[in-house]
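In what follows, subunit A forms one complex with subunit B and a second complex with subunit C.
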Partner chain A sequence: MTVAPYLLVRLGESLAALPAGAVRRVVRGTRLHPLPGAGLGLVGLAEFAGEPLAVLDLAQLLGQEGRTSRPPVTIVTWLGSGDDRELVGLGVDEAIEVTELDAAALALGQALVGGRPVIVVDTEQLGIEP
Partner chain B sequence: MIGGFLIVRRAGALWGLPAERVSTIERVVQEGQGGAPGAPASNAPGLELHLAGGGRLTVDAVLTVAGNLRIHPLSGRLRRFLPAGAAGLALLAGEPLVLMAPEGEIPHA
Partner chain C sequence: MTAMPPPASLTRATGTRIESGSPVTSAVLFAVVWAAGGWLLAGASRESNTPLLALLFHAAAVGCAIHFLAGRLRTHGRDSRSGMRAQLVEAFSQLGDGDLIRAGELARALDSDLAGGVERSVSGLATRVEQIQASSHAVVGAAEGVERGAAALAASSAQQAAAAGEVTAAMEELSRTAAEISEHAERQNQLVLSAESEGAGGAEAVAEAVEGVGAVERRIADVTARADTLGTRSREIFRVLELISDIAQETHLLSLNAALEASAAGDRGRRFAVVAGEVRILAERVRDSVASVRSQIEEFASAIRSTVVATEEGGKEAARVLAEARAATAALATLRTSLRESSEAARQIFSVTRQQTAATEEVLSTLRELHQVVERMSRDLFQLSATSRRLRTIGLDLELLAQTFRLDSPRSLKQLVHDWAARVPETPGAGAQELIDELVSCAPFVECGCLVDVKGRVLATQVADELRAGSAEALQELRRRNLSDRPWFRKALESSRAVVVPPQRSVMSGEPCIMVAVARRGSDGQPIAVVELDVNVRHWTEIGS
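Here is the complex of A and B:
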């Protein structure tokens, strides 16, 4: 069995796992600038390493209920691949730990961690309109 | 005005308008704004931009004209999250801002 490291995060009552290799930094208390007129799913804009960073609500991207408050933690993550790769912020409630998941979990989109269901996020496809 | 982006604050966010779109900047009074919740309305000063080709836009402040912003074009992934007419993102003094395309409209709060 092939395993890969994933960052386990909490989204309200749900758990999700992001490929650890796509994660650049976990930031608590990011200074967010809300943007009037922005689409659902954009929490706001921030500055990261001297560059503008769009911060998206991971729960909303995964089709879960939108939040009413700003997410306290931002996971700065690479989305896409190759020339299409870009750095975005993903707002979550909590970064829990790095765990190892079966590589097949990514294809399935889900896994079990400690008996709890976890949404396994495909960062190459996340945010692309179906 | 000449090239670059006119950087304005509107509804708490920073926006960059192509400077050639702006023909005049006029100080105006925005009736019924500026008071604390529950307090009587006051007449807060604001600025009105007269746009070349018609149209006006009220903003809270005009900050500067920036001619050498490092522009990050919007990807297809991010475009749907940003207001229509947004062309890219940039930073000004560490604060992120949205650059509007020449035909773009800054949304209301």
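Here is the complex of A and C:
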């Protein structure tokens, strides 16, 4: 069985898994600056390693109901692949753990952790729309 | 004494003998017979020329006259002596009937020696009767005075006896009440002493309660202060827990980042990932423990807050109880003071009522004696009053007895009624009312006067002035009445003397009255009318005044 490490996060009542290789850092209590006229999913701008970092609402990116408050935890991760990849922040409710998931299950886009379904996020495909 | 019945038969027989036996009458009759016979015989002798017959007639007549005159002259001496004796008997008979005036009149017709003796007897008897009248007046007056005084005294002494009885009863009630008051005061004193003793125990208990409540209040204040301290400490613990929780979260993030770094390192980072996972688990356990501790601390803080609230309420309650206990202490002190004063007052009441009871007993003893004396006096006075009434009755009887005599005195009722009867005219209807009016107005002791004809019809009547207003109806009734069936009326018609009826209650005044009645007789001795007077016994003494 082939397994891969994933970062398990909680979005409200749901669980989602981000590929651990794409995740750069998990930060908490990031100061966010809201952007006027920002589109859906863009929570604001934060500062990471001296650079501005766009923070997106992962739940909205996954097509779920958007949050109304500032996300307590921000996952700094790469979206896209190759040269097109961008370092962004994904707002989640909680970063739970780094766990290894079954590759066969991941191929189907679904996995179970502790009996609960987990949304596997493909960070390469979830890049910024051209 | 009762009056002797009049010897009417003797009187009438004596009168007839005196008239039929008179020599003058006999002589006149004889002369008339003689003259008539002579005239008849003279006429007959002239016609028959027989003068001898007339001569013989006159000779016989002269002889008869001489014989008669001789006989009359013989008997005249005897008749004169027997007439004198009859006159004397009649005089004494009238004297026996009490008619001293008539007896005197008859005596005056006797010869001088007898007349002088009888007149002196009549005069002496009249004087004695008048003296008896005067004395009986005095007795009646005195008896009336004594009776009135005794009756008034008896009434007042009866009232005094009743009043003394009431006062005695009131004093006895007072004595009983005083004894009850004394008993109640003694009982009250005992109760007050008991209450005072209980109050002393109560005061000590309340003082202890005040002390206990004060200690509780202080403890409560201490507990409140400690609870506040606990609350403060709880808040500090919360802050520490927040810090620990924060550190745990940071540790968790660090472990996650470390795990991410380890996964990026591939197989080389695998052992590091294990350590990072242990750190993460530790951080989670810390977080769970903090959550558990927070929950327990929150319960603890809530319990402390409840304890503080309850303690504060307990403190307030303790303060209120303490204030009430202090007030109760003050009230108990006041109550004990009042009880002591009340006990003193009860003792004084007991003492005073004992003295009062003793004094009341003395007064009661005196009052009982007084009551007996007054009752005895009242009884004696009633007896005296009764004796006075008897004396007055005896006086009236004496007066009545004296009035059975007809005297030439203004105090003689019989003479009075005779005098007024003599003024009744031969035809009694004319001037009858005026006569009776005058009679009643002249004699204030006469309550009612009446003139009645021989058929018993009331010709005139009148009452005294002071009774006139209230007796008009009775007067009318009297005028309509026929009195022929009245015994006094029949007796007055039969007898030439006045009739006296013993006292009876008058229909006019309601007072005792004597009735005196006499018949007015004409020149032929037949009754024409009867004069009747009702004489008020109470006004008797005014007779002749």
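Definition applied: the second predicted complex is superposed on the first by the 124 of 130 C-alpha atoms of A that agree within 3 Å, B and C clash if a C-alpha of one lies under 4 Å from a C-alpha of the other, contacts with A are read in each partner's own complex, and residues count from 1 in each chain.
Quick note on the criterion: a contact is a pair of C-beta atoms (placed from the backbone, for glycine too) under 8 Å apart; a residue touches a chain by one contact, two chains touch by 3 or more.
Note that the structure is a prediction, hence the values are computed from the model and not measured.
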Exercise for review: Report clash or fit for the pair subunit B and subunit C bound to subunit A in the combined superposed model.
Suggested key: fit
Practice item. Considering only the touch criterion stated at the top, classify A:G80 as touching first (subunit B), second (subunit C), both, or neither. Key: first
Review point. After superposition on the shared chain, which partner residues are touched by A:G50: those of subunit B (first), subunit C (second), both, or neither?
Key: first
Check your understanding: So, A:V88: does it touch subunit B (first), subunit C (second), both, or neither?
Key -> first
Review point. Given the touch rule stated above, what does A:A38 touch, subunit B (first), subunit C (second), both, or neither?
Key: first
Practice item. Have a look and say if subunit B or subunit C is in touch with more residues of subunit A. Key: B
Review point. Given the touch rule stated above, what does A:V98 touch, subunit B (first), subunit C (second), both, or neither?
Key: second
Review point. Looking at the overlay, does A:V27 come into contact with subunit B only (first), subunit C only (second), both, or neither?
Key: second
Review point. If you take every C-alpha pair with one atom in subunit B and one in subunit C, what is the shortest distance in Å after superposing?
Key: 23
**Study point:** Complex contacts: residues of subunit C adjacent to subunit A
**Key:** 249-250, 252-253, 256-257, 259-260, 262-264, 273, 276-277, 280
Review point. What does subunit B use to touch subunit A in their complex?
Key: 10-14, 72, 75-78, 80-83, 89-91, 94-98, 106-109
Point to revise | Of all residues in subunit A, those that touch subunit C in their complex | key: 5, 7, 20-21, 23-28, 73, 95, 97-98
**Study point:** Footprint of subunit B on subunit A - complex, ascending
**Key:** 33-39, 41-42, 45-47, 50-54, 56, 79-80, 84, 86, 88, 127-129
